[in-house]
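Consider the two complexes below, in which subunit A is the common component and subunit B and subunit C are the respective partners.
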Partner chain A sequence: MCWVCEKYGNGEKWYLNPENYARRLYKVRKEGREASGADADPQAAGMGAGVVAELVKARISGDLKWEEEIKRDALEHAYQTHFGQVVTLDEYLQILDIAYPLVKMTCGCRRVQRGMPDEENFTCMGIGPGMYKWERWPETYRGGVEFLTPEEAKQWAMMNHKEGRVQTVDVFGTPYIGGLCQCEYPGCVAVRNRLDYDFKFLLKGHTVAKVDREKCTGCKSCLGRCQFKSLNLEVYTNKAYVDMDQCFGCGLCITACPSGAIELLDRESLPGLAENW
Partner chain B sequence: MIAQIKINFDLCKDPLLCRQCLSVCPSVVFVCGPTKIWKGRETDPQEYRIFGRYLDKCSGCGDCVKVCPTGAVDLGFLPKEQLAQRYQEERIAQLKERNS
Partner chain C sequence: MALDFKVLQKVKGNPSTEVAADRRLKINPGQDYAYDMPKELIYTINHQFPLESLFNQEGETNEDFLIKQGKTFMNLLIREADSDAFRDRTADMIECVAQQTGIRFPHVFERYVELGILNLRPRDAWTVTEATTKTLKVRNFNCSIGKMFAEKGLDNCHIFCQAANQVAAEKAGLNLKMSSSKGLDGNGLCEQVFRIPQAGG
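Let's turn to the complex of A and B:
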């Protein structure tokens, strides 16, 4: 279990704990930073725009201590307000049975990074009681929201997985989960910053992919599925290679494999990776 | 060398609807964000601004300059050592201020 589970899981994976999808519909004044994550513009909280500009400067300067300090301070804030974690399709579908209501909405990341027009960009899912008052943040929910039944949401989630998007849970005021994303590199700010700057705003999932080298036929069906630069073909042996250390456990490669040659292991069953979030 | 990207905001008037540079960039160096958040309505596309953010990822291919319909993108380069020194000085000043 990751540190979020230990704190908010109640013996379960934290994002399968229904408590983390519940929130009051009325406002309770709170002290400290958690309040800002809950009530300010949800996308602004923890998106870390200014942080990344600083991070790029620190990276260019070569000052590792500076870089570490920026990340530490930013993450201390983000872990109280807004961060994400990769989940498998299975877990995603379980969440759709727990959380309600469910809406489709635009992806802020792809708007920021590619300027994608809202009508082509309904790839995020807003969830929970916050969706009853989405109109409070018209800029975040550009183009409005589209309410879905759980069945429609599941079909849509499976379509997204099939098309090759990584699925994540997203916190808005820890531990309240207010969104589910369908992400990719480099369009997703969280995936991009995690891979390019090792900024742990996005946590790895509870699973890790492992290739069975006996079963792999070298058909290459899985290539192109990984959004985390963790999958390639070992040309000399003609087998798929998963960098397990770098794997986020999304499971996209597995559903593309026709030979059942990739399995998804519990991260905790692997002593070398159990603390690698 | 590290890219230095300047956008002339007098020429770049409609960034979110135009989005040519955002769309063409092979390294996703640009970001665009709203300069104003309104109560009760969406921010106008014209109130967005584009910045070169991931400057250390820029290859210098120049496609953004070519594709810009108003010539608003200025792409230059500085030696990495020179920039590194500038930022190290910024950092020293930052630490000094913090400890004073």
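Let's turn to the complex of A and C:
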């Protein structure tokens, strides 16, 4: 179990616990700014984006202690407010049955990082009762929103998976899960910050991929799917190889493999990886 | 099983394409809405239905009386909460989504349940512990009504809540299974569970 499961999972994976998606619809209206919708913007949280400039300065200076301090302070705050974890497609589909409402929206990361036009960028999902108040944040939702049924959302999630996007759950006020992301490196701020700066705003998933060398034909279909730089082709055997230490367990490689040569193992069943989140 | 090469090959479509005609909602520039419940609604409801209404003049709380009062309370609340004076943007959006998706549970119903709690006992601690399209669970930690009944040696307050919630379910156009479980020592702990009945169940 990861530390989030231990605290918020009720003995199961925390993101499959319906309690972490439930929240009140109403509170008594306060006077002034809140009434006019000036609450914190959910996307302004930004998965560490706000401290990366500082981190780059520290890295350029070569002061490792400073870099570690920035990370430690930022993570301490993030784990109470806003972080994410990789999930498999199967888990993602299960979540769509325990969270509601489900809202298709544009991805803020890809808009900023890659300048994606809104009409081509509906790859994120806002979930839970806060989405009934989406108009509070016009800039975040400037591309509009689409409220979906669970079945429509599942089809849409499979389209995203097929296109090669990593699926994650995202917390907005721990342990409340208010977003389901589908993104890719380098556009995704969470994936990018984790890979480029070892910033653990994004936790690894509960599974790890493993290649069956007998079944692998060396077709290379899986190689381009990995967003975490954990898949390689072994030159001397011409077989795919997963660096399990680097694998985030998203499962994108599995659905690209026509010979069914890759499987997902439970991270905790592997002593060397059980604490590698 | 979704996690399979063959299954994914059958999936077609562009994620950014609108899922159905006119489904996409857009920002209405310059509009400033109110989303939370106004205090004035509490004053209005309390004026017409003070908490003391739960006991008749003889201080009795028989089943018929509590059912009648539960229905009276929720009908009053629905009338006021949906009036032009108190209706908010959250209510409009919940109804809009229900119209688009055909899914009315839990939120069309939950809205009335929550407003009922906030109006009758605004200082209580409570939370929603599950809100799926099949199940809604509301947990009260220190229900003022439960405590008030316990102080009088009574434990039938759930009849009032169930009658009120039944009116809310009817207003939302839903047939629901309802249950509640209370703490035994009158500490105000109570969980209400609402479920969509399963076919054949």
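The criterion applied here is as follows: the second predicted complex is superposed on the first by the 261 of 277 C-alpha atoms of A that agree within 3 Å, B and C clash if a C-alpha of one lies under 4 Å from a C-alpha of the other, contacts with A are read in each partner's own complex, and residues count from 1 in each chain.
What we mean here is this: contacts are C-beta pairs under 8 Å (C-beta built on N, C-alpha and C of every residue); 3 or more make two chains touch, one makes a residue touch a chain.
Please read these numbers as outputs of a predicted model, since none were measured by experiment.
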Subunit B and subunit C placed together on subunit A: clash or fit? fit
Exercise. Mind working out whether A:Arg23 is in touch with subunit B, subunit C, both or neither, as first, second, both or neither?
Key: second
Look at A:Cys219 in the shared chain and tell me whether it touches subunit B only, subunit C only, both, or neither; answer first, second, both or neither.
-> neither
* First (subunit B), second (subunit C), both or neither: which does A:Gly115 touch? -> first
Of subunit B and subunit C, the partner touching more residues of subunit A is C
Task = Using the touch definition from the top, say if A:Ala256 reaches subunit B (first), subunit C (second), both or neither.
result = second
*Is A:Lys162 in contact with subunit B, with subunit C, with both, or with neither (first, second, both, neither)?*
second
Exercise. For A:Arg142, decide between first (touching subunit B), second (touching subunit C), both and neither.
Key: both
Partner chain(s) touched by A:Ala53 [first = subunit B, second = subunit C, both, neither]
first
Min C-alpha distance, subunit B to subunit C, superposed, in Å, is 5
The intersection of the subunit A residues contacting subunit B with those contacting subunit C is 135, 138, 142
So, in the complex, the side of subunit A touching subunit B is made of residues 41, 44, 49, 52-53, 56-63, 66, 111-116, 135, 138-139, 142, 186-187, 192, 196
Per the touch rule above, subunit A residues touching subunit C in the complex are 18-19, 21-30, 34-37, 88-90, 93, 97-101, 104, 119-123, 129, 132-136, 138, 141-142, 144-150, 152, 155-156, 158-163, 182, 251, 254-258, 260, 264
Seen from subunit B, its contact residues with subunit A in the complex are 2, 15-16, 18-19, 22-23, 28, 30-34, 37-38, 40-43, 53-57, 80, 83-84, 87-88, 90-91
The residues of subunit C that touch subunit A in their complex are 1-5, 7-8, 11-16, 18-20, 23-29, 31-39, 42, 89-90, 93-94, 96-97, 100-103, 106-107, 110-111, 114-115, 118, 122, 126-133, 135, 137
